[in-house]
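A short worksheet on the structure shown next.
Labels A, B and C are assigned to the chains in the order they are written; within every chain, residues are numbered from 1.
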Amino acid sequence: MGDILNIFIKSAFIENMALSYFLGMCSFLAVSKSVKTALGLGIAVVFVQGLTIPMNWLIDYYLLGENGVFGMDLTFLRFIIFISTIAALVQLVEMAVEKFSPSLYNSLGIFLPLITVNCAILGASLFMITKEYGFAESVSFGLGGGVGWALAIVAIAGIREKMSYSVIPAPLRGLGMAFILTGLMGIAFMGLMGIDPAAFK
Amino acid sequence: MAATTDVQVKKEAAFSFGKEERSLITDPINDNNPVTVQILGVCSALAVTTLVTKAIVMGVAVTLVTAFSNMFTSMLREYIPKQIRMIVQLVIIAFLVTVVELILKAVNYPIWKDLSVFIGLIITNCILMGRLEAYAMGNRPWKSFLDGIGNGLGYSVILIAIATIREIFGKGSFMDIKLIGPTAEYPLNTTDIAALSWYTANNLLILSPAAMFLVALIIWIQRGRNRKLIDIS
Amino acid sequence: MHSTNYIIRFTIVMTVIVAFVLALMVSGLKDVHSENEAVYNKKGILSAVATQLGKDIPAMTNAEVQEVFNKQIEQKVINTRGEELSPEQVKAATGGVSSSAETLDLAKEAKKPEAEKLLPLFIYTDDDGKKYTIVYARGKGLWDEIWGYITLDSDMNTIVGQAFDHKGETPGLGAEIKDNKNWYGQFTGKKFYNTKGEYTSIAVVKGGVKDPAHQVDAISGATITGKGVDDMLRKGIKYYEPYFMKNKKTDVN
């Protein structure tokens, strides 16, 4: 149990997908203009990441691996299968949300298609493979990674909202400043690297 | 923020290469650059730019994948069912990325090992999906191919520019050839200015946040020169 | 809009084509891939004797690596009691996965309990017939695993070469253990045993080296990776102790 919590904390803070690995930057920069929309996208990412990572783990282990049903090494199909799973799951989630909670769909729905091409999701799936996690660990890794990413985008959006009052050289306005801010936040998050994950065991 | 290029499909020879075609390649390199203007494909721009060699390999890989995915999608554009358009596009991209990965693994194993998950992440490089949606779905294969090359090159130029700065000042070398900083022959305290041995490599540039600052710098310079691009909001 | 029937047909045709082409490529390139992988691992081992070899390891061609490896490197698999295992015994212990030191699944071996651990060992013979022993240690850095090959002189004590590698340390900080020659070069000449013959290992310390025979300076900004190297050497090389005792030549000291 300690290990699972440990992985969650590590993936949310220390190995933050957005600020340590800089993954999912396209939507990160495009949607971080206001806290409200950032929060919507953040929640959607937590949701999709928490679902797709374990799903991809199951597929990788039971279909593609040597111990799977086909009994041969099909790992060369990983990219195609992973991205299809993500796209299919996102579409399913979108349809389900639309059907059961129109109000949630109105606030979350527009972000869902954006998530398919969010590198953080595919990145987390691929990292899960290179880190050789088990099933329970990958659930924790997926959720933790999602939470960390959501946290980062909300934090940046908060700063960007306040930034609109400051005087910035015209060519740097908007995008340029967002890059600098993200870089600074990244350096700030490096401070968390010193946390000893063993303390959470 | 995907830019829509309004080039009309005219009746023309399949493989002409005129002014219009040339601009398909040159535009994305500067004024319509996918990284700094359209903000697409930033993720990998940061992780693979610590060494110039890595950046070049990544640039070539992305250019090949954009060009061919654009071409294939354009060839299939009338047959792809609209309902599953996105998955079909992703499968085409993922297929090409796997092909590139397999080739790279055979040609240069150490680089493949070094790039690790970032080759896979080409799939979610927004440049690809962006170009497929904005261009290849409505244009002929040859032009889509050129558009892909152009955008791939635009991406590579930024990647290589960032990597050059990061490698020279962060590691004191260029494409693994030692340029500045102390070496075995010229240790730190020699007075020989020509060897530039007084330079201590700036570690900050090797860390990934540095790439963020460099992209911001490029944006600053580019928008300073071309005021049309300034963000008004 | 297309009919469901059409969508299903389109999907099936596309899947079959894609899977077929990829499967063809994978089987066609399989030999090249496995050769590249083997050479990559061999280069990792040879990096530990780069000075003795006098060659730029990354620039070596596949054929050169294979030649050096076949002619000048002798492989052994030993257990923690210092006994050498025959290929059949190794095969039995690893469940048929490997039979030689270079193909051992080292990540798996590192997790086994001490009594069952298999240790890889390479003996490099230089052109003058002098023998060097290459040992291996694996541990944890900040993000993920780190490992290293250490070359020892025939006294089984003095380091004459080393190569560290890692799975995902921070570039510019922890990754310096592999990239920064000035840092890993410090290990050359250090000793694992003190003058009384006790195992002291080599410590990675901050703020200046006080005991030049057994300490190296840490990388600033990479405290945890440094501790990882420290820990890895202290535990990992100790496993070879029974072997060292049996095989060391005291006349060098």
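Couple of notes before you dig in:
Just so it is clear, a residue touches a chain if its C-beta (ideal position, glycine included) is under 8 Å from a C-beta of that chain, and two chains touch if they have at least 3 such contacts.
These numbers were taken from a predicted model, which means no experiment stands behind them.
Shown here, the protein chains touch in all possible pairs.
Highest inter-chain contact count (C-beta pairs) belongs to A-B.
Taking the mean Cα position of each chain as its centre, C sits at the greatest distance from chain A.
Between the CA-based centres of chain B and chain C the separation comes to 34 Å, rounded to the whole angstrom.
Taking the mean of the C-alpha atoms as each chain's centre, chain A and chain B sit 22 Å apart. The residues of chain C that reach two or more other chains are 18, 22, 25-26, 170, listed in rising order.
Shared contact sites, meaning residues of chain B that touch two or more other chains, fall at 91, 95, 98, 102, 207-208.
The set of chain A residues that touch two or more partner chains comprises 76-77, 80, 130.
Residues 1, 39-44, 46-47, 86-87, 90-91, 93-95, 97-98, 101-102, 116-117, 120-121, 123-126, 129, 207-213, 215-216, 219-224, 227, 229-231, 233 of chain B touch chain A in their complex. Every residue of chain A that touches chain B in the complex is listed here, in rising order: 20-26, 29-30, 76-80, 82-84, 87-88, 91, 113, 116-119, 121-123, 126-127, 130, 169-177, 179-180, 182-184, 186-187, 190.
Contact residues of chain C toward chain B in the complex are 1-2, 6-7, 10-11, 14-15, 18, 21-22, 25-26, 29, 32-33, 36-37, 39-40, 58, 170-173, 221. Residues 15, 76-77, 80, 130-131, 193-194, 196 of chain A touch chain C in their complex. Within the complex, the chain C residues that touch chain A are 18-19, 22-23, 25-26, 142-144, 167-168, 170, 223-224.
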